[in-house]
Every structure is written in C-alpha cells, then in structure tokens.
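Next up: the structures, one after another.
Paired with subunit B in one complex and with subunit C in the other, subunit A is shared by the two complexes that follow.
Let's look at the complex of A and B:
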C-alpha cells in the first residue's frame, strides 16, 4: 500500500476519535463553564458509562434474549441515565457542601475518581470486556473495507452534538444554563434556581461522557482504568478550545482527534500524546483564553 | 551569625521538632525489622511531602504535577548510575540538579498562570514527563523500570565501606536526610522569605502593595519544593535500588497532596504525621481487602468536607497556637 490509503485510514480513525472526544469534552466544558468546577472525575463517568453499557447489554441479551441491536439500544439509554444519577448524588453529597470552591472541588473530585474506580474494580473486575456492536456491516472503500459501525459512531456523535446545541440555544433549560454561566448572582436575583441548575449541569456533563463511552465500547473494550485517557484528552481539548467556549471545544476536538489519529498511525501514539500535552500546557501559559476563545479572562 | 541572633529560633517549637527527629531515630531500635523497613520508605516519602507542603501549605499553590520533580530526581540519579557508571554521591547530586533545573523551567512557565490553570499546567507538564519516560524506554525501560545494583549503592570512604542496601544503614540514611530537610524547612518558613510566602497565600495583592515581587517569591517556593521532591526521588532510587515510570504517574502527584492534607497543610510537621498515618492505613487495609483505593478516595472527600485543616492543623487551632 502506498501513502494515500494510510492517510485515509488515519483520517477515518481520527474522525471516530474526534467524534467521541467532542462529546466527552463538551461535558467537561459545560461543567467548567457553568459551575467553574474542574471535574477530575469526568473520565470515571466515561468509564462508568462503558462498564454499565456492558452490564446492561449482557443482562438484556442473556436474561431476555433480545438481539444485539436492541441490547445496544437499551445500554445506550440506560447507561447514561444511571451515570447521570451517580453524578447527581456526588453533586448533592459533596460538591454542593463545598460551595463549589475551585481548589476544594478538585481535591474532592480526585477522591470521587478513586471511589468510582475502586467500585468498578470490585464489582466489575479487572478484565476488559467488549460490547457486541449493534450491526456488523462493512463499507467497501476503494482500497479497503471499513467498519460501518465506526461510521455510525461519527454520525451519532454529530447528531448528539446538534441536539446539545439545540438544547443550549433554543430551550428554556439552555437559557437558564447560559444565564447562570454569565453571572450566577444576577441569575439568582432573577429567581433562577441556581443550585438546581448546577446539579442538572453536573449530571448532564456526566451523561455526555457516558454516551460517548457507550458509543466507543463496541470498538474499544470496557475496562476499569479506561477513564484516564479521555480525561486528559478532554482537558486538552477544553483548554485549547478555550475554557467554557463550546464552539472552541468542537474545533479543538476535531483538531486533536484528527492529529492524534494521524500521528498515531504514522509515528507513535506516545509521541502524539507528548505533543498534545506539551501544546496544552504552552497554550495555557501563553494564551489562556485558548486558541479559539474570544475574550481574555 | 551569633548565638543570640539564633535565640528566637531556638524556642520550644524548635525543640519539639528535635524531639520528633529523635523519636524517629529511636524507632530503629524499637521496631521489628518489617516495620523499620516500611518506615525507611515512609521517611523518604515524607521528604517529598515536606517539599510539597512548602508550595501548597505555605505559598498556597496547588500543583498536580510534583511527580515530575520526584521522577527527575529518581532518573537523574538512576540513569547516571546505569549508563554512566557514576558512583553514589555524584549520582545523588545529579538527581538533585536534574530536579532543580526541571522545576526552574516548569515553574517559571507555570507561574505565569493562576488558580485552576496553574493546576492543569503542572499536571500536563508532569504527564509530558511521564510519557517521555515511556517514549525513551530504550534507556528508561518504561513501566517495567530498572534495578540499580548493590555495587552502586556503597559509600566508600578510604577503608570504610557502608552498604546502603542493608536495612539498618538504609534507615539511618533516610533518617539523616529527613532530619536535615525538616530542620531546613523549619528555618525557611520562619525566615523573612517564608513570611512572604505565607503573605502571598493569605493575600497576594497586599504582598504586592508592600513591594514584594509575587512571581519571584512563588518561583523560589516552587523550585525549593521541586528540590525536596528531587532529593526524595534520588534517595528512593539509591536506597531501594529501583527506578520506574510509576513514580512519574499522576498518582504520585496526588499522593503528596493527600499526605499533606491529612497531616495538616501549612504545618511543618504535618506531612510527617500525614504520610505515616496514611501509609500504615493503606498497608493495613491492603492486607484486609483489595479495595484500599476506595478508602483513599473516601479520606480525600471526607478531609475536604469536614477537616480541611488536617490532623495537626486542627490540633494547632485547639492547643498548639503558633506552631510553625
């Protein structure tokens, strides 16, 4: 094979990664934007989504004997909901009581990270387990056949991102979120239940991570330590895109996802990560508003 | 400096620290071998936590990337022994120099940011360091790490040879370094520079108005804290004869935060108690159950919720007013 098939393959892999990353990072970005909370446990919500997806799909195929496609649908609905419920409990029991102070919440979410990780290890075990893809159709490209499911992941992610955009810009819930993000004191003075908005945003952010995870488990197996990579990559994306800027987050996810895919194929995955982490640190130091952020902070 | 100039330093709190140091020495003769082995390891890690406390507890800067300076010390010493056949003392110092340089470069960059951005920048640079260790695994052997042979762990002084891989010598070496680091820290936090650090933690604007350059003082705290981490890392490599990428991972950046929070941030002796208590609890729990990480998580959450001052911080509020 010569250069072009490789590049096409790398771009496709990169696009799948960018799609999933955009969803995950959007969750982190919302939580940071609205609540000013750096959620270090975000990757564990991703992992929880994947592990629960395995559980729901295997329970529904074994006990109720339904088809893989239907089992995947059950997992895709149930797993994000349960993950959101866990996040809601964490918000009410811990973050709210800390009054969302930045430093205290970072330490607390590190604690939540360990708690979720250990519970996953205890109840799910150390094995990596796959979820059966809802369909196994191969798309024939000029040089090679490509998994139709991976193309479906890209489409599903784009659809979900559109849905989030609609929710934020065209509904009342989105309006409340944006008002709280701009100035929570004024929002409170206008009778917006800020505390409930915070709880909702935290749960919604976790839900987005879990959705991304359910989409990825048929490709990458569910494992209790799988949360670290999406966490770091989401940080990278959110920072390069500008903290709290949704448009920037999407552009950065595309940039990081594609370049990670391409560098990983042509050089090494470790080198891709080294470049990304260094870039993000440098961006924060020299351009804190992000590469695509508008207003300086 | 004359003796009278030292007098304000030699107060009852100075003697309290001396007593703790003496107690740690006496443990060598009291404890059974298993526990003195653990304590040697704990004391090396206490040095790491002491430095972390200088930055977090005194200057008010929360770094999530101190594993970088710990591993710079560890690999600075370890690689010098492994590839250059350096003997113990030059290798130890090359570890410290490596950590100092890395802390100076990263600190001068990271301190241009504040708050949450500072935490993430330190974390990202540490992650870069961890990935570099994996990337150059031809030299570092990556996750697997490498063993430092006994031959490189001997102190030879004329006809006297001290083998640092022997348990008692190891304990004494760790104790000696810890004692020096503890006393230097006590002097540092009570020096004029230390007072400026505390001033920056309490109110940076006010310190600036008084004519202090916040950046310079923060950088000095950052670098000294990195040197402590480097000393601990280099000492760990030499005393326990091993260097591995695990020590550069995020977990090793979070552990000193946990130890300092538990013992009491902004108290010189805080990390000593925090590290010992946490290490023994984890050791005990990991025998009982495999779920000890759950416990670490719960401790972190409970600490920030109900006891953000830690063990000694709470004690200082009730009993020991003015404990440095």
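Let's look at the complex of A and C:
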C-alpha cells in the first residue's frame, strides 16, 4: 500500500482508539480530580458496560424482537445507567466508609475490581460475545474498505465529550463538581453537599467508561477480562495529561491514541506500547504533575 | 499508660454495643451462631471425605483434567470438558477401566502456564490422580510438562502443538489423540499450492502455536515451489486487527490465517471489511472460527474461503461421527443440542474423546493398578501403532508413533458456502508424515 492511504488508515484507527480512550480516561481523571480517589476498578466499569450492553441488546432483540439499531440504542442508554448505579452502591458501601482516604481507597478499588470481574465470570461466563452493530455500512475507499460504524464511534465520542464539557462548565452540577474539586472544605462551608457530589462523580466516572465500552463493543466483543487494557491506557493518559486536568486528559488521549494507531501500523504494536510507557516514565521523572497538571504546592 | 488508654477505649466500645437496640444484637448473634454452625459442619465434613479417599479397594481411576475454564481458552475449555464428561460416562457405562470406575477431577488452569504447572502439582499431591490430561493451549502444555516429568505423572495432552513430537518435552508427555500442527500443515500445503496460489501471506498468533504454523508452512510451501512473502505475527492479547492488514503485500495470492482467543470474530470481521469483494484467496485454520457461529453478522465476507478442519463441523452422515455427536450433545451444524448459539470447538474436542479411550486401552494393556504402574502405562501406550476408526475414534484412523509420542490422522479442507462448511478435500494420513525428531523411549522413566 502507498504511503498516504496507509497513513490515512493509521490515522483512522488511531482516531477510533483516541475517541474511546478519551471518554474512558476522562472518567478516571474526573474521579481523581474531584475525589482524589485512584480508581483501580475503572477498567471493570468499562467491562461491565460492555457486558451489560450485550445483555440489554440480546434481551431486547430476543424478547421484544426489535431491530439491531433499536436494541443498540436501548443498550446505549441502559448499560451506562446500570453501571452508574453499581458505582453508586460501591461508593456508598465502600469508599464513603473509608472517608475517601487515598491509600485505603486504592486497596478497596482493587477489591472492587476483583469482585466485579469474578461476578461477570460467574454470571456472564468466560466467553467473548458480540453485540450487533446498529448498522453495518462498509465505506469503500479507493485503497481499502473501512467500517462505517467505526466512523460513527469517532463522531459519537466527540459529541459525548462535548456534552461532558457543557455539563462541567455550563450547568449547576458542573459548578458543584468544580467547586468541590478546587477545595472541598470551603465548598462544604458554602453548603455544597460534598458527600453527594462525591457519589455523583464516582457514578458519572463509571458511566463515562461504560459509554465508551458500549461504543466499542460492536467492534470488539464483550469479555470478562477486557477491562485491563482500558485501565492501563487510561492511567497512561491521565498521568501524561496530569492527574485531575480534564484538558490534559483529552490532549493526552489524542496523543496516545493517534500515536498508537500510527506507530502500530507503520512499525509494531509492541513498539507503540513501549513508547507510551517510556513517555509515562519520562513525564513522571521530569514533569511529575503531568503535561497540563497544576504545579504541586 | 498507652496500653491502659487502649483498654479504656475497648471498654467504651463494648459499652456502646450494649447500648445498641436489641434487634441488632440478636441479628449479630444469629449471624455468629450461623457461622459457627457452618464451621463445625465444615470441619466435620473434612474427615469424612478424608476417610473415603483412603479407602483402597474398588477406588476409582482418577484422571486429572487440566481445563481452560477461564482465560483466553475458555470456549475450548467448556467443550473439552463436555466431551470429557461424555467420554468418561460412556467408559463407565461399559464397565470402567479394569473394572474400576473413572472419575474426572477438573482443575481450572486459567489458560495460564504458571497455573498450569500448579494444577499438575495439585493433581499429584492433593488429588493423587493416576494421570493428568486434557490441555490445549501450547504455552500451558510447555509450562506444565516439565513439572509432570519431575513428578513422573503421565500427561496426555490434546494440544495440536508440535512441541511433543519436536522433542522439546519429556517421556511423560504424550499426544495420542490429535494430529500436530506440523503434520496438518505438511498435509495441506500441496493442495493450497495447487489450487489457491503460490505467494502466501501468513497471519498467526505470536507464540509457540503460531510459530509452529509459520516455520512448518513456510518450509512446506517452498517444497511446492511457492513462498511465504510476508509473515504477520499478532500478539496473543491483541483486540483490534485492522492495523495489521495493510502489511499484506498486494501481490499476495493466498492469505493464510490462524487465530485463537476471544477476539477471533473481530479478526475475521475486520479482514472482511478490509478486503471487501476484491480479496485474494483466503485459507484459514478453523481455529480462527472455533466456537463461532458461521452465520454471525460480518462473516458474509468470508463466503467462498477455505478452512482446515480436523473433523467436519457439519455432519457428514458418518455413523461414528453421529454416535459421538449424540453422546457429547452436538447437533448436525456443530452447535449444542440445547442451545443453537453455543457452537462447539468441533475440530479439536474429539481429541479428548479419543485420548480418554486410549488411556483406557493403555491401562487395560498394562493391567494398571495404581500410581506405581504409571511407567508401565507410558510403555503400554508407546507400544500402540494404530487406532482404527470406530466409536472410540470417531475422527478417523490414526497412526501412532511411540517414539515421538504423536498421533497422525487425516485432515479436511472445507469451503464456506452460504454460512455452511462443505468438505472439498481430505488428505491421507501419509500426506502428513514427517521424519522423527526425537525418540522419547531412550529417556529413562
């Protein structure tokens, strides 16, 4: 294949990855930014989103006989909501009782990771199951064919990211989140229900991961071990972008996603991973607060 | 001083407890009682099982089944387990082995070599099984085999890997129930070269099993006057494949693919999307679609392509095949009789059925009594030369090489036509023969 079409393919693949990664990592970054909780179970919320998407779409096609497109819509609405509910319960039952202490919550979320993963294994099983894409349109470019659904994933993710930005910067809920993020004691003094904001943010973070998973699950299959990769990549993105910095997260997701796509196409996927982790190490050594993080006080 | 204050704190808490409403206390008490009762019951159970295990006479033959219940091999594991249970039930119905019932002890290895070795250890020390059996994934076999050798535990694998016949393992590892990759590839290369094309691009997983394909097929197609023009190795944990396809050179006449793991459907779907209508010839190992419904959305693009099958997934009308299907619970299209969406790993799992029957035959040949006879069991199996097509060997006739511990059988090439696989060519056993690379019988037992 010639250079330019090759580059186009690489960029398309990178853009799909960046789009999904941005959504997932944004959830992780938001939870850390507002709550100072390093959520190790974030990848499992991603997996839960995918597994529930399979469940909702297959149940709605089998029992109600609706079209794949409609079934996907049902999954896209219901799966993130249920995932958010699970996160809410985890917050109330575990994180709140630990008073959100950073060390304790790391260990607790590792526990939550295993609980969710093993529950998925028990009730969903060890198989990888496909979710039918809402439409199967194949875009024939002069040099190669490309999945129309993948282009839709990029567009949908950009739209959702815009929605999150609007929510955070233009609504009252966003204002409460930002106030809590800046200084939770002062926020509390001003009558902001910090505990409820925490619960809401944790649920919202999980919901973002689940949304990303529902988008990706017609491309990859839902599998109980699928949470590990998004977790690692989200951590890479959040560390490079700066913990808690949403702008940094977006830019880092774009950087990691695109470079992973392009480097894996032109060289090898292993090299892409090597470079990403080297970048993390470099950032940690020379700019520990991340590229866009606030300087430590 | 500090100790005193701690004690005071403690007293405070207990006082607090006393002040709590009565119903909470009762609930706690009940839970506590329940737990204690459970613990007592549990501890009573243990000695009972222990006593049973120690009973010597009419004890069952214990076969430790190392199963991929979880991890990337889970769909294979599920069907290996069903086949194993069906085969063991049939053996027990026929009177067991040497008049003793067969008991299958299943341990999950998580499709992980490290856990695989631990499972072998557990079979030897905890379950005291007579033999270990059943592993598919080559990295688990390679990880477990040394421990089996050290423990002098006969280890019957159903893996297809060339690692047994290559001499990499030891005398305690045998593969009598399924042909290895080298033999499959050698048997099929002439047909590929004659019918599909000579310039081949290979796509394979980047571990031992994939390397077996790469090395043996490259050599075999060279012997046909063809060549492998590109080798694309894919990391075993990869979930997205589109980025690999541009590496397929334009002059490629045949794409040869073999993938395993949970992402196989993504792989074939994305390959279909990439090529569309103007694709080269595609020849795949059915591994790329084991446990996958041929009518899954996105597979239309593979219509007209070819697959290797060890045992045709779609029923051919053969009586032994029908007998085996009925026992394992597989319908005519290769899916479970109870759930048409649960597609089997039909080209691999027959190996479990046949291997268990070979273990039976071996134990009967050496009048196996217990773990002390493990060495004689190995020698007995080594002395076998052929397995005839029958209800015991539904896949077909096999030739067994006692020196290399490897079986050889016929292979099939099937074409996918409108969501159904049809056999277009069957090789002879001789097509897949190659020179011995090891003589395990020279190793001490």
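One rule holds in what follows: the second predicted complex is superposed on the first by the 293 of 297 C-alpha atoms of A that agree within 3 Å, B and C clash if a C-alpha of one lies under 4 Å from a C-alpha of the other, contacts with A are read in each partner's own complex, and residues count from 1 in each chain.
Here is the rule we use: contacts are C-beta pairs under 8 Å (C-beta built on N, C-alpha and C of every residue); 3 or more make two chains touch, one makes a residue touch a chain.
Since this is a predicted model, take the numbers as computed values, not measurements.
Asker: Is A:288 contacted by the first partner subunit B, the second partner subunit C, both or neither?
Answerer: First partner only.
Asker: Which partner does A:270 reach: the first (subunit B), the second (subunit C), both, or neither?
Answerer: Touch partners of A:270: subunit B and subunit C.
Asker: With both complexes superposed on chain A, which partner does A:128 reach: first (subunit B), second (subunit C), both or neither?
Answerer: Once the two structures are laid over each other on A, A:128 reaches subunit C alone.
Asker: If we overlay the two complexes on their shared chain A, which of subunit B and subunit C does A:111 touch? Say first, second, both or neither.
Answerer: Only subunit B is touched by A:111; subunit C is not.
Asker: Looking only at subunit A, is it subunit B or subunit C that touches more of its residues?
Answerer: Counted on subunit A, the partner with more touching residues turns out to be B.
Asker: Contact-wise, after the overlay, does A:102 reach subunit B, subunit C, both or neither (first, second, both, neither)?
Answerer: Only subunit B; A:102 stays clear of subunit C.
Asker: Taking the superposition on A as described, I'd like to know which of subunit B and subunit C A:146 touches: first, second, both or neither.
Answerer: A:146 contacts subunit C only, not subunit B.
Asker: Which of the two partners, first being subunit B and second being subunit C, lies in contact with A:38: first, second, both, or neither?
Answerer: In the superposition, A:38 contacts subunit B only.
Asker: Both subunit B and subunit C contact which residues of subunit A?
Answerer: Looking at subunit A, the two contact sets intersect at 121, 270.
Asker: Which residues, counting only subunit A, touch subunit C once they are in their complex?
Answerer: Residues 1, 6, 9-10, 13, 17, 121, 125-128, 130, 132-133, 136, 138, 140, 144-147, 219-221, 223, 225-226, 229, 261, 264-265, 269-270 of subunit A touch subunit C in their complex.
Asker: Hey, which residues of subunit A end up touching subunit B in the complex?
Answerer: 36, 38, 94, 97-98, 102-104, 106-108, 110-119, 121-122, 228, 232, 235-236, 239, 268, 270-271, 273-274, 277-278, 280-282, 284-286, 288
Asker: What residues on subunit C touch subunit A, complex-wise?
Answerer: Checking each residue of subunit C against subunit A gives 69-72, 74-75, 77-78, 235, 237-240, 242-243, 245-246, 250, 262-263, 265-266, 270, 273-276, 291, 296-298.
Asker: What residues of subunit B sit close enough to touch subunit A in their complex?
Answerer: Against subunit A, the touching part of subunit B is residues 62, 64, 109-110, 112-113, 115-117, 119-121, 123-125, 127-128, 131-132, 134-135, 250, 254, 257, 261, 290-294, 296-301, 303-305, 308.
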